[in-house]
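Just below sit the structures, each encoded as structure tokens.
Two complexes are shown next, each including chain A; its partner changes from chain B in the first to chain C in the second.
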Partner chain A sequence: MKVSCLQDGLQRALAQVSRAVATKTALPVLSNVLLSTDEGRLRVAATNLEIGITTWVGASIDEEGKLTVDARLLSEFVNTLPNAPVQLSSESPRTILTVQSGRDKAGINGIDAEDFPVIPSIDAEAEGFSVEVDPQVLREMIGQVEFAAATDESRPVLAGVLARFEGQTLTLAAADGFRLAVRHGELTQPVPERLDTIVPARAMRELARIIGDQTDPIRIAITPNRSQLLARVGETEFLSRLIDGTFPDFRQIIPREFATRLELGREAFQNAVRRASYFARDNNDVVRLTVHPGEEEFMPGTVEVSATAAERGNSQSFVDASITGPETQIAFNARYLADVLGVLKQGQVVVGVNGANQAGVVKASTAEDYTHVIMPMVIGAQ
Partner chain B sequence: MATPGIRLLDEQTIGKIAAGEVVERPASVAKELLENALDAGAGRVAITIANGGNDLIEVADDGRGMAETDLEVALQRHGTSKLRRFDDLLTLSSLGFRGEALPSIAAVSALAIRTRERSAAVGSAVEVTFGEVGPVRAVAAPVGTTVSVRDLFGNVPVRRKFLRQSATEGGYIVRAVSAYAAAYPGVAISLTVDGRRGFASDGAGDPVAAATAIWGPEVGSAALPLAPLDEAAAVPGVSVTGWVGAPSVTRSHRNGIVLFVNGRWVQNRALSFALEETYHSLLMVGRHPVAVVRVRLDPALVDVNVHPTKAEVKFVDERAACRAVQRATHAALAGAPRDGLPTMRLGTSGGDVPQQSDLAMGLPRPVFPGATAGDREEPASRGGADADAAHPSGVPVLRVLGQVGGTYIIAEGPEGMYLIDQHAAHERVMYERILAQLAARAVDRQPLLDPLLVELGPEELAIWERSAAELSEIGFEIEAFDEGTVAVRAIPALVRGVNVAERLRLILRELAEGGAGDSWLDSVAISAACHTSIRAGQVLSLAEMRELVAELERSRQPRACGHGRPTMLHLAQHELERQFSRR
Partner chain C sequence: MATVRTILHLDLDAFFCAVEERRDPSLSGRPFAVGGRPDGRGVVASCSYAARRLGVHSAMPMAAAVRLCPTLLIVRTDFAAYRAAAADVMARAQRITPVIERLSIDEAFLDTTAVPGDGEELAARLQATIRDELALPCSIGVAANRLVAKIATEVAKTRTKTDGYPNAVLAVPPGTEAHFLAPLPVSTLWGVGPKTADRLAALGIRTVGVLARWPEEDLGRRFGRHGATLARHARGIDDREVTAAPRVPRSVSTETTFPRDVADGEALRSTIRAQSSHVARDLRRAGLAASTVRIKLRWSDFTTITRQVTLSSPTDRDAAIRAAAESLLLASWPFGRPVRLIGVGVDGLREPARQLALPEGRPPLDPTREHAAREAVDRLRGRFGEDTIRWGRP
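Let's turn to the complex of A and B:
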């Protein structure tokens, strides 16, 4: 292999794939990055078998070839080089990569490219399911649901985010047994048939990161055996394994009607919850919402946000709200409230409750595309 | 053929038979003679034995002594100064009373007594050889009584045969003498074994100093004196004194528990069980505490005449006695000084690779002779009383440094390095939180969005049925769902980020093996705390470790998990210095 490319392009590519490099692995080749010549460009790829990231760098190729070398070492060396052409070369069958820029030179011991796992490319799977999505819509959708996925392995499907393609709609949903986040978004063109896939939440977060500020539509493909998801984001391809299984039917969990409905300013509510959470820390994160409707119909009411920790003290905050329905009290985990209030963009939010023991709903007052369901906490008699 | 007629036994045979009851083995001789010395008001008792007591047992005291006439009576069966009529038994305050000991011993040995009353100008001496009493002679003698017993069981070869090796018999004597020396710190008791000094207590009256003299500084520094209880906690009519060992010093047997009732060494299962129960969850399974506990109560409320050796007693109100022991022990353990942490001692440098067995628990701090009990409790640190008040629990303020093997947190404290078992530590924290919520009747639950179905095996299902009420009390809402399946509807709010189905099965499996708590609810709480806490092998961030250590510092009994496994090991500064040859 004998390749020349620009330092900044190579540095960006190595940074892009670095998130897929395995850090703790029994398979040394997985902590390497694969460099290969590919139709006049340099292909840079990494995988930890959970996800894989491939990207391409413009290069002038004098001699075809491929090799894997330690991702971190190469990246660290390249990062310090001046922004000038970098020559990468190796003499097969030797597995030493020579990196040269002006008078700076390194020889990095590598591993044969044949040992590196094959990362499928999106074009090779053209016959499978494929759809185009607006990148910024997808990124926002991921941000609003992925945090609700389970972090334990009780039910493997809950460690993932459901991606449902149906008609012209993409639905993302995640739940950890105590809360559920559902977000709908529009596809640029309809899909012929409904398709459900479950993507690990970690992979979803990586995809959102790779999307970054990208504005060109991104193409998502599912391998025919439905075991992997591929996404092309500009010059980068992202690959994730899919979780096998059936996601619970979340629609029946979402309450449609509420005995008490409050509408209040997101920021004021968020601040009140944050203040209470400091006191809730020592009491299982319990935050109480006490809903006081206005004295007369259409009069504004207040929501009291309070927390008590037996040994630390207590706090109360009052937030103005327009309230329909009777006075009520409900307790939530402060972190669950903080999480959802942090991802809502709109200025006004709606909270719907049906008594202290039924699931509550948090959503934006003006948009119907996002719903967050939280199970309240049942408080022992004090 | 004439059948043998019924005849009265001769004196010697009666003596030999009776001796069998009182004098089982050399240790019983030593105990009887020592009790006599204590009854005689001795301030100093010297015991000398040779060849496990078979060749010689000599007890010399500086007590009242006996007059010449008393000496003759003392050697007759039921000759005693301690009891005049049967009713006296009810108000007995002396150790002996049956008047059996001396004649019984005299029947099976070569016994010599030399005694002088303080007021008498000369002493008296007498020798008895296997029941044959010799003439009483006037001799020169120090004030007090010296009894020497030689050739024990020389005329009872069968008994000799049943005795164990002299080392074993000698061990029994040491145990008995140690017990009395520990329980009578006001009497200077010394023991000499085969010409070597065994131990000598100073007789100054401090039970902890006596324990140090008898069992060494390891036990001495762990001894927590039993203070008188305040009126609310005290059990009327029963007083408990002595000391109990901190949980850091344990034994694999119960011989470390020494019980005295009204000054008499006794074996009493109920009392020793009550004592051990107080240590519940502080000691590992199979480990037993050390303690010297003296119970004193109205002699009318205890029957000591159950057995000739008086090793057993019957209480009129056994539960009151147990309650008193438990309360006193509990109070002492709650105020345990913080240096009661298990301490590790590495193998000597250049020796074998340190193994588990080289980690000796409880490296003693140097104990200075004459230190009072009060001094002893003062932790040897710069922290002083303030630091102690801020951390009544017994864990110093620790700075987390890192994690070893994803399992142990390394921390630094004022007195060296600490290794904290993250699972045991978190289990302790969870256990106390569950108990606190139960006590406050404020168990918070986090219901699930949709029920979690968990398949249970037949055995798990049976134990779930037995434990459903207790599980619900600590916050698990579980219903029967289907054949072999239960539906979990809510979990305790304390439980975070765990695989509920898997952990529930683990809890049930542990309960199926019997449970580790005082009550079934306690067992359920212990199992739930264990199986919902951080596991070994779980990599923690520095912040998580700090939080865990801070919570451990706040817990009431930070040194052991609910199952009694230790939560931390201490590698003392001086031990580090020793290992690096700085000292």
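Let's turn to the complex of A and C:
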């Protein structure tokens, strides 16, 4: 292999794929990055078998070839080089990559490219299931959902985000057993039949990161054996394994009617929850919402957000709200409230509750595309 | 001018004995003690006034008590019965005022400032109610603050000349606190232990009256911040409120000294299981959950170890505490090693709070039901004794 490319392009490509490089692995080749010549460009790829990232760098190819080398070492060396042409070369069958830029030169011991796992490309899957979606919509959707996925692997499907393609709608849902986030978004074209896939939450976060400021539509494909998801984002291809299993039927968990419904300013509510959370820290993160409706119908009421820690003290904040339904009290984990209030974009939010032991709902007051369900905490002698 | 407060200090007379006597009237007037057996390592938890006259006092080893008083009748401690009786008493006190601060199983402060009527009359009425409805004797001190009310109770008990329960009431009218305290020994005051009493005696201060006249600055120099408190208390001043909210305990524990060292794993486990249930019940009574469970083991050579584990979420449930205590025992007891004392305790107490889970299609679980079951068990034990109902073993 004999290739020449610009330092900054190579640096960016290595950074892009670095998130897919395995850090602790029994398989040394997974800590490597695959460099290969590909139709006049240099292809850079990494995978940890859960996700894979492939990207391309403009290059002049003097001799075709491929090789894998330690991703971290190559990145570190390239990052310190000046922004000038860099020559990458190796002499098959030797597996040493020579990196040269001006008077700086390194020889990095690598591993044969044949040992590197095959990362499917989206073009090869053109026959299978494939959709297009707006990148910024998808990024926002992921951000509003992924944090609700379980962080432990005791129930694998809950460590993933459900991606449901149905009609012209993409639905993302995640639940960790205590809360559920559901977001709907539009596909550019309808799909012929419904398809459910479960993508690891970590992979979803990576995909959102790769999307970045990208504005061109993203193509998403599912391999025919339904084991992998592929996404083409500009010059980068992202691959994730899919989680096998059936996601719980989230629709019947979502309460549709509320005994008490409040509408209040998101920022004021968020600040009140944050203040309470400092006191809640020492008390299982319990934050109490006490809903005081207005004295008369159509009079605004208040929501009292309070927390108590036996040894530290307590706090109360009052937030104005329009309230329908009777006075009520419910307690939530402060973190869960803070998480959802942090991802809602609109200025007004709606909270719906059906008593202290039933699921509560948080959503935007003006948009119906996002619903967040939180189970309450029960306190004391309930 | 601030309102003059009315504080009642209620103290049940020889409480455990009174409960036993109520159950078995033949004990009346006889020397008896409640506590452990004399052939083991039992101590006197409480003793009748007849026994007290013979020199028996609480916390004394039972064997020593028997030596002093060979005819001493020994009654086994029945905490469940005492707790139930104390709850009955507090319920009567609640009828007078909700502002009650319990100090221990048989002692409480009542703030009756807002209650119409003279403090001494209220005290007499409460005493009569407890006697008539519960057949239990008590003494009550009445004053404008906690300190003087408590001392009034003590003084009332010693002043009463009777062979039986004192059943005393003593009121110290507002404004006469200093005068009332003046002739009493300084050790009557809170915070004056033997050491402080000795240091005061070295200055020639033996009575509260002398202490009250001593220059406060000098007390401050000699005793630091404690000096200022001494000076105020000596004048009968105490601003602390009676707080109805139960004081949040920092830990709950129970331990058992075996009559003979135990080397049988099954016996140790069964003790620890009973202790775990006991601790869990105390937690529920206090409305708290614990985040740490510990066990204590004392070997026959008196060396003592404690081992603890932090739970993933705070609990007030028997099963969770039992499982933690049992696994600690398993990890820290070398098989066959004789154990003199074993105990279970919990720390990191906080309001119990449990995160409910999403229903996931099943009908939502009712969290009140499990709690109701535990409540029922607690009530059964409170009423019929610890052994009424036990956890089955899988």
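Methods note: the second predicted complex is superposed on the first by the 380 of 382 C-alpha atoms of A that agree within 3 Å, B and C clash if a C-alpha of one lies under 4 Å from a C-alpha of the other, contacts with A are read in each partner's own complex, and residues count from 1 in each chain.
The rule is short, and it goes like this: contacts are C-beta pairs under 8 Å (C-beta built on N, C-alpha and C of every residue); 3 or more make two chains touch, one makes a residue touch a chain.
What you are looking at is a predicted structure, and each value in this text was computed from that prediction instead of being measured.
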Joint occupancy of chain A by chain B and chain C, clash or fit:
clash
First (chain B), second (chain C), both or neither touched by A:T308
second
In the superposed arrangement, which partner chain does A:T98 touch: chain B (first), chain C (second), both, or neither?
neither
Figure out whether A:P248 sits in contact with chain B (first) or chain C (second), or with both, or with neither.
both
May I ask you to decide whether A:V286 touches chain B, chain C, both, or neither, giving the answer as first, second, both or neither?
both
Touch test for A:S130: chain B only (first), chain C only (second), both, or neither?
neither
Go through the superposed model and pick first if A:S365 touches only chain B, second if only chain C, both, or neither.
neither
Contact-wise, after the overlay, does A:T151 reach chain B, chain C, both or neither (first, second, both, neither)?
first
Who does A:F178 touch here: chain B (first), chain C (second), both, or neither?
both
Once the structures are lined up on chain A, find the stretch of chain B hitting chain C; candidates are 277-285, 349-357 or 385-393.
277-285
Residues of chain A contacting chain B in one complex and chain C in the other
175, 177-180, 248, 253, 283-284, 286, 310, 333, 357, 359, 373, 375-382
Where on chain B is chain A touching in the complex?
437, 440-450, 452, 490, 493-494, 497-502
Can you name the residues of chain A that touch chain B in the complex?
151-155, 175, 177-180, 248, 253, 283-286, 310, 333, 357, 359, 373, 375-382
Can you list the chain C residues touching chain A in their complex?
248, 284, 287, 313-314, 349-361, 364, 366-368, 371, 375
Which residues of chain A touch chain C in the complex?
175, 177-180, 248-249, 252-253, 282-284, 286, 308-311, 331, 333, 357-359, 373, 375-382
